[in-house]
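See below for the structure under consideration.
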């Protein structure tokens, strides 16, 4: 990298790169399901927990992809700090396939449940961080953003609880993971027309 | 995601993301073929069924990619419901590599055949759903779309039959899977110039 | 797909999709190398043949990516036949990772060498086919293209020889595979300034 | 490829292709981590070295992606030599996932450490080469680039040392790999406003 004004990265390429990473994450994650061992319904049934975790992870990537889009279209040029905050988010999302596979095959145990919620927590923190950096940019039309990261903060709190509850029972932890996804999918009442 | 008017996603990014997912699906699916075990022609011949299912799945992705393109260029801005309908389609397509691998290695059995047709059915339903949501959008030039989803509905009916026939013989099920692909590839007579 | 004038696909999306497939092919192919079993230099040395085939396949994808680009920028709108010719090319390229892995692990044998050259041949035919379809399009500035597919035809002939020679010795087959790559990389004399 | 003026490739497609390759590299590399064998904390702890190498490789890809962006936006049209220099860079980066997996599972040994630094060195050389080719292009606003590749040259020197020190102790080699990443991430003082 040259020593010139290279701190500014065009948004569209950051978008394209992030979309690429998220597209690959989804497909790799699905491929991690693996073909059932055997050819009867029992073989298929044994895959159902893994399939359900995949659905949850898929929905999470879908939510991040959507949020990411809204975040980036607020600004045309982004600083190096936004770029690294974005890479931080992609880093944690890139661990989702491995976590999904671990939970999918060992879902009755505390450790995979706690690890999944930890990765989800760190992704949520990275997203809120990226959001606040963009909101702090004086060049962006961000006044509409300030004060509205309620969902982001709620996600962080719920994921912290999900980590703790994994040590009581993994099922409670998974329920909270699902709760965060529901919070994001359910459309805002205030926005309904 | 902020609580503002974030329900609208630009079409081009939805396209790019979907293209990414479909591009990865094709390649992952091919990689699932795996190098033949051994170095003689018998080793290659043992791979032919898997190769044939791969051809079918590849063609299906090609058809969806093409249809997807035509669907999205009807509108410049899309609602959250279109985005989730699109993610629903991508979800079922993302299961195609695993289904392809299962059929490729256990093609003589009912369960993989029925599972393949089920995933294909759910993808077809997702596509028709996305199509009808876009057609219902008053902002789109969609009057030309209404009443022309004959192929989509036919696909759904044939895939339902394919699931049922898998319990008689998987070969009949595969024949119907191929039939749907043929319905889509053969160009419309009315369109010939 | 609707029954309207949907035969026309915008070039840029075809490009993006093809780029996506080729980008994934390269990376999947590299990942197929696998980490050496063991930690000494002998373990690394055992990987060298696989690495060399990877280099050849990587260069081939690079050549196709480059040619593909030149082909598509000749036209802004492409017909369904170009789309399927393009998918045909991507299909054969998608088999390159598996072929690379097979040659990389069983390079002393006739079958992998013949199979690699066969896939390369079918990709070359697909490319020439796509090229001639585009050249036949009266809307394109293609007169400059006509009569200049010497390299494409030469590639096809050399790959046919490579298949045959694999039954004499795989090394001759690999030499011809390399020859085709050299034909494409060496810059045209006439173009030198 | 036709025998016409096909030496010129539009920058945006080179960017998109490179982004695709780098996006897949990151995700494949993360998937190489694999789900822990077992469900207790010891199983997770055994994955920590692999996770740390993944962080290093992820950061390296992030740095290259960022640098690559700055390099390419200097010019709108690029020659065949730039295209091949870029492919050379992507080639070495594509080996990063396999190297990461090797170091991740055999980090106490000289060979993986030396191999990792060698691949990193060859990627750094490829980048500096691409940079100097672009700088030599009279059409580009590159005078600002000339004389400022201090970081690129420093990286090359440090990686050479990292290869040598791997034969003393792999830990010194890894420390130098980290040093290069730090050199690139720490923002230029001169650029601070």
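All chains are identified by letter, namely A, B, C and D, in their written order; residue positions are counted from 1 within each chain.
Just so it is clear, a contact is a pair of C-beta atoms (placed from the backbone, for glycine too) under 8 Å apart; a residue touches a chain by one contact, two chains touch by 3 or more.
Every value quoted in this text rests on a predicted model; they were computed, and no experiment measured them.
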Q: Determine whether chain A and chain D, two copies of the same sequence, contact each other through the same residue numbers or different ones, counting it as same when over half of the numbers at the interface appear on both sides.
A: different
Q: Would you mind checking which chain's C-alpha centre is most distant from the centre of chain A?
A: C
Q: Averaging only over C-alpha atoms, locate the centres of chain B and chain C and give their separation in whole Å.
A: 25
Q. If you average the CA atoms of chain B and of chain D, how many Å lie between those two points?
A. 36
Q | Residues within chain B bordering two or more other chains | A | 16, 20, 23-24, 28
Q.
With touch defined as at the start, can you tell me which chain C residues reach chain D in the complex?
A. 15-16, 19-20, 22-24, 26-31, 33-36, 39-41, 43-44, 55, 58, 62-63, 65-67, 69-70, 73, 144-145, 148-151, 184-185, 187-188, 190-191
Q | Contact set on chain B toward chain A in their complex | A | 1-7, 9-10, 13, 16-17, 20-21, 23-25, 28, 32, 80, 83-84, 87, 90-91, 94-95, 97-99, 101-102, 105-106, 109-112, 115
